[in-house]
Each structure stands twice: as structure tokens, then as C-alpha cells.
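What follows is a set of structures to go through.
One chain, subunit A, links the two complexes that follow: it is found with subunit B in the first and with subunit C in the second.
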Partner chain A sequence: MATLNFMVGQEQGNVSVTVLKVEGDIDAATHKTLQDKAAELIDAGTTHILLDLSGVNYMGSAGFRAIHAMTNMLSGGESSGLSKSPYLKLLNPTDPVARVIKTLGFDVYLDIYQDRNEAVNSFQ
Partner chain B sequence: MAAKQVFDLAVRARLENLQKARHYIDQKGESLGVSESALGDLRLAVDEAVTNVIIHGYGNLDGMVELHMEADGDTVVVRVRDHAKTFDASHINAPQLDTALKDRPIGGMGLFLIKKMTDEVEFLALPGGGNELRLIKRGAIQT
Partner chain C sequence: METPLTSTENKIETLKHCAFLRGLQGSVLNSLAARAETLRVASGETIITRGETGSAMYFIISGSARVHDGEVIWAKIKAGEVFGEMAVLDSQVRSASVTMESDSLLLSIEREVFFDALSTDPDAFKAVLHGVLQREREIVSEIKTRSAKLLSYQKELEIGRRIQADFLPGSIPEIENWEIAAWFEAAREVAGDFYDVFRLKTSSHLAIVIGDVCDKGVGAALFMTLFRSLLRASSLYGYTDSAMDKSDSTATTSEVLLNSIVTTNRYIATTHAGSSMFASVFFGLLDPDTGRLTYVNAGHEAPMIFRQNGEVELLDITGGVMGLFPAANYQVETTKLNEGDLIFSYTDGVNEAKNMDGQQFTEERILKVASPESNNTENFIRIVLEAVYEFRGEAEQSDDITMLALKYLPRAPVD
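Entry: the complex of A and B
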């Protein structure tokens, strides 16, 4: 059965940022593990997450359910309206994943970076 | 009378088999000469279709999902067949892409993606029970 691997790093920019790198295919069988990992980090005090998708070659709508839930968990009920989330950003999605992000309109809600340092320093 | 369709892949309707469904599309698509971009679209559409069969069609019940991919000229047709309850997609609304994320319901994106990734989608209720979804992608094979 497909599984996801996680690597968690901590970076200090303007605020403390947790870099969560995911490896594997995010589908309906695995998306919950991403959501649970994010919940575990948020419960432990994480307030800002940079989600590194460079190791994800496939992500279907279930992956976006997880990202949507993560955005809601991090915002704690506060709405960013149509502006981008100040708490969750994406790093280096692969081409197929970037295409689905755009198709589903998630690029409206989430900043996407190619450079890790630039991404970390963009959190306020 | 039409010849009985032989399906290439039959898997139990369990989420852990989604990877097998995607793998079948990759392998068969490659053997048919499907372009990389069309293959990516079909992989996504089939994954979403099989996910819907497992979660909404069978629910907690045991059952099988069958897949068959074939080419007709530069068009590729993928058939996804199940023996679950009849699927009615008419009540499913497209996700609200211009609404604040906080106000968007979580989920509801699968059928939208299936339609976006293909040129035509046909739903057939099978006479003996079950459903067949036909995903049609034109210009998928570079001739």
C-alpha cells in the first residue's frame, strides 16, 4: 500500500516556520496521514507551515482536501477572504501537481515558491 | 449484439488499490503511445473516478472495479465499470472557485477534475446493475 514519508524542519525567518516535506503520492488512501501530521504539528505549537511538495509526483483532489483542512486548522476560524493564507505556503510543486493546484484554483489562496529561503522569509 | 467487453484490470474496491489503477493507466497508456500530458490528465481522471466508486458507490461494501483503456485513432477511451448502486451525478455541483477558502466546503472536487481532464464523460447505468463511466480524451495520441 502506498504511504507518505514526512521530513520536518524548523526555520527562523520573521517568524518560526515549520517546513514539512512530503514524499509519495497523495491520494484518497494517503491524504489523511498528511492531515494528521499537520494536526500533530499544530497541536505541538506550529503556527506557520511551508509545505514542500517537491517529492510528490501525484496529487488528486484528496490532497487538496488535506491542504484545505490544514489551511482551516492554521487559520483557527479566521478567514483570509480571497487573499492568500499567511500561515500556509507551498514550496516547489512538481509540474503535474502545480497544474492541478491551478485547475482547482488553489493558487488564489496559497503562495507558491521555488526558493526555500525566499519562502521562509515571506512569512510575517 | 455487441461483443462482451473484456476489461484489462479488475481490483477490489479499496483505496489502497488506487495506485494499481494509476499504474495500469501509465502502462497501458505508454503502450498505446498516449502523450505525457494526456496521460497525466487520464491518470488523474481515473484516480478520481475509481475513488468515487469506492467511497460513494460501494461505501463500506465489498466489490470490484474494472478498467479498460483503448485507442480509436488519436482518441483514448477509458472505461471504469463497477457493480455498485446506480450513480447519479446530476446533483453534484461544481466547486466554488471564486469563494474564500474558509467558505468553500471541503471536498467536492473529484467530478470537477474528471470533467476538466477529459473531453467527454459518459455515465451508463448497466442493465444488470452497476455503472460504466467512459472517459474520452481526444488528441491523446500523437500520430
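Entry: the complex of A and C
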């Protein structure tokens, strides 16, 4: 069965940022694993997540649903009133994933960075 | 060490009370009990695995287990019941997996031991055969019950399918100088795709909508009805500004459109935030007299305008998918269709249709097969559809297919 692998790192910028690197395809079979991992990190005190997608070659709609659920968990269910999530940002999506992000307009909702330091320092 | 539960007497008791062995003589039971092995197994331990060969059958002395194939559970069994007996009797591979659901005590009997014991009594085979048939009758009865349930679910789904069909336009309005055609083909009984064509109440504008709710099946279908209804209701009845006038309609048409998109998005993103369900939507308001099209593309595949001069214009996204973020911003864009131009919108069941090798049909192939100048809209859709079918070959339809095409008919020259 398809699985996801996670690597968790902690970085200090303006705020403490958890860098969650995912490896594998995020689809209907695996999206819950990602959601559960995020819930576990948030329970342990994580407030800001930088989701590193450099190891993800496929992301279906279930993956985008999981990312939305993560933004919801991080905001405590409250709408920030902002058009972009201040708590969740994306790092380095692969070409096929970047294409889907663009088609669905997810870049309207989430900041996407290519550079890890720049991404970490962008959280306020 | 022999404990009360593992004593020979107790083993005999276990075997005697198992329906499968009912009718066996005491001597046969004694012989089986003497050579049966007692196993202590922990909750969560898988004792037999589907598809593997095996030579033992197991009687549950205490505890419980599930008979399953992966995550699909076929039956729950408990003390006094047997499993693994089929592979012992017919020497085939295991037909199901069995995993303990509590710390349990089992009796294990090897095929060789079983047949040895049976051979000591001429009536023993008859008794076992009777036990096997008894189980078969129980299985047949269970299948009958499940088939009846399945039939009832299928009926419910069929009702759902018929009700959902009402959420697509029953007929497409006839508009002078315009030709409109649509195609809708669900991959399952119920669908997440939708399209809509209707006249606004407050102006002569024609609303054209195409959308695709994420995911498939009943969940997507429920949200399809929600998206479609909110978009229709908010644009038909939610904004009755008297300033909306045909003479200078651009600004107010944008307002009606934006109000409909923003209201629908905010409602679903707020009320159904926990579902994380979203839809890509293209929503356009067309002035049939001028060909002016005011639109929002919320994360949807870019509709294509085939110009009469051979050029193709793509109506790229002007915002993200709907239903997730309440504060989402959408831009309204306008374009103009001229006489002879055709606009084609579709869902990803077209460009992402897969062949047997897993390759996708792609937007490029749509552009390659499309021949707008020599065809009416129905033919245009048919040509794309046939190309998709041919490309897909034997591969299964994995997603709903929806297409909507409008053509601005060239007016006949006035003599």
C-alpha cells in the first residue's frame, strides 16, 4: 500500500517554524496520513508549518483537501480574514505538482517559496 | 503446562461444541484432542493470510477474531467457532485472512492429523460433510441477506441519480444567433460535475456555468447540488439592482457575477469548512446581442475561444477553486465573441482521460482535434468525445465528462 514518509525539522525565524518534508504521492489513499501527521505536530505545539513538497511527484484533489484541513487546524477554525494562510506555506513543489497548484489557483491561497530560508523568514 | 483450559477434557469440549464437528464419535474427538496443539495468540496477530497455503485449521477456545480481506471484514467469529478448515479439506490456498481481535486461545489441528482421526470411523466423513453443508447453508443465507441489502442500496443510489439529474438543465434556452450544445457523462451513478445555462431575470444576459467538485461519488454529488443551486439562486434572485440595464451593463453584470461567486464561496467555505470540499467553476455572463462575455474562472480548466481567424484564446483562471477560503478574492474579466467564434468549456474528465498506459488526453489533443469552423456545436462536442473514447481505448472512464459549447452564428448578409 502506498505510504508517505515524513521528515520534520524545526527552524527559528520571526516565529518558530516546523518544516514538514513529505515524500510520496499525496492521493486518496495517503492524504489522511498527512493530515494525521499535521494534527500530531499541532497537538505538540506547532503553530506554523512550512510544507516541503520537493519529494511529492503527484498530488490529487485529496491532497489539496488535506492541505486545506491543515490550514483550518492551524487557524483553530477561525477565518483569518486574509486571502492567504499566515500559518501554512509551501516549499519547492515539483513541476507536476506546481502545475496542478496553478490550475486550481491554490497559489492564490498559499505562498509558495523556492528557498527554505526565505520561506522560514516570511512567517510573521 | 496443562491448565484447565488446555486439558484434554477441555479440548474435547471445545471440539464437541463446534457445529462443524457435530456428529463425530467420542473416539474420533478423543483422537483429535490428543494431537491438537494449544496456541496462545495476542490481539492483532494474523493467524492465516489470504492467498497463502496452509495445512492447519483452528478452533477458538476463548477470544475472538475477524475474517477479512485487507480492510474489508467478512465476518466476526468467537469461541466455539472454527476457521481455516476450508484449505485443510480442499488443499487450496486460504480464501480469507483471520486476525485476532482479543488475546485468545486456539486449538490447532493439522490436515494429516484430521484425516488420520477421521479414517478410524466410517461414519466420520459423513458427519464432517454434514457439518460443511450446514456451514454452506449458513453462508448462502448470509449472501441472500447481503444481496437484499445491496439491492436496497442500489435502489437508493438510483433515486439519488434521478434526483441529481434534476440539478442539470432540463433544456437549454434558445437564443437567437447562438447555437448551444452540452454533454454530460457521469463516471459513476452520481457525479461531481455540473453545468448550467439560464437567462438572468434582470437582463437579457445568459448565464453559462461549468463546474467540477473534487472527489467522486455521493459526497461529490451532494456538494454538486449545493454549488449549482447557490450559484443559480444568487445570480437569479440574490442581486436585483435596478441599475442593471442593458444600455450600460458591464459594471453591473460584473457585480451580479462577483456577488454570486463570492456569496457561494463564502457560504460553503464557512458553513462546510470541516468538509474541505471544493469545486473548480467557470461562470460567465454572456450578452447575446454583443457577444461580450463577463466571467470568473475559479480554478477551472481554461475554456477555449476558437476565433474565426483560426486563433485560440484561453480564458485562464481569475481566482482559486471555490468552497475553501471564505475571504478568497476573484477577478472579473471580460472578452468578446465575434460572429463565427465558438467557446468550448469542459471538465478534467476530458483532458485528463487516461489510456491503458496511464497517459492523459491533454489540452493539446483537444486543440488538435477541434475544428470549429466547419461544424456546429453538437458536432464539435461529438468530435472531441470520439477522440477521447478512441484515445482511452479499453481503459475505464475514471472521471465525469462534461462539455459545453456555444457558437455565435454568422449572420446572413443582408441583400
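Here is the rule we go by: the second predicted complex is superposed on the first by the 121 of 124 C-alpha atoms of A that agree within 3 Å, B and C clash if a C-alpha of one lies under 4 Å from a C-alpha of the other, contacts with A are read in each partner's own complex, and residues count from 1 in each chain.
The working rule: a contact is a pair of C-beta atoms (placed from the backbone, for glycine too) under 8 Å apart; a residue touches a chain by one contact, two chains touch by 3 or more.
What you are looking at is a predicted structure, and each value in this text was computed from that prediction instead of being measured.
Q: Put the two structures on top of each other at subunit A: do subunit B and subunit C fit, or clash?
A: Aligned on subunit A, subunit C clashes with subunit B.
Q: Examine A:64 and indicate which partner it touches, taking first as subunit B and second as subunit C; both and neither are also allowed.
A: Once the two structures are laid over each other on A, A:64 reaches both partners.
Q: In this superposed model, does subunit C or subunit B come into contact with more residues of subunit A?
A: Per-residue touch count on subunit A favours B.
Q: Quick check on the superposed pair: does A:111 touch subunit B, subunit C, both, or neither? Answer first, second, both or neither.
A: A:111: touches no partner chain.
Q: Please work out whether A:72 is in contact with subunit B alone, subunit C alone, both, or neither, and reply first, second, both or neither.
A: In the superposition, A:72 contacts both subunit B and subunit C.
Q: Taking the superposition on A as described, I'd like to know which of subunit B and subunit C A:23 touches: first, second, both or neither.
A: In the superposition, A:23 contacts neither subunit B nor subunit C.
Q: Does subunit B (first) or subunit C (second) touch A:11, or do both, or does neither?
A: Neither partner.
Q: Looking at subunit C, which part out of 145-153, 181-189, 199-207 or 289-297 clashes with subunit B after superposition?
A: 181-189
Q: In the superposed view, which residues of subunit A touch subunit B and also subunit C?
A: After superposing on chain A, subunit A residues 28, 61-62, 64-65, 68-69, 71-72, 77, 79-82, 85, 103-105, 108-109 contact both subunit B and subunit C.
Q: Contact residues on subunit B for subunit A in the complex?
A: Against subunit A, subunit B makes touches at 15-16, 18-19, 22, 40, 43-44, 47-48, 51, 54-55, 95, 97-104, 106-107, 109-110, 112-113, 116.
Q: In their complex, what parts of subunit C are in touch with subunit A?
A: Residues of subunit C touching subunit A: 214-215, 269-270, 273-274, 276-278, 280, 298-299, 301, 317, 319-321, 324-329.
Q: Spell out the part of subunit A that touches subunit B in their complex, as residue ranges.
A: It is residues 1-2, 25, 27-29, 58, 60-62, 64-65, 68-69, 71-72, 75, 77-82, 85, 96, 99-100, 103-105, 108-109 of subunit A that touch subunit B.
Q: Along subunit A, where are the residues that touch subunit C in the complex?
A: Residues in contact with subunit C: 28, 61-62, 64-66, 68-69, 71-72, 77, 79-83, 85, 102-109.
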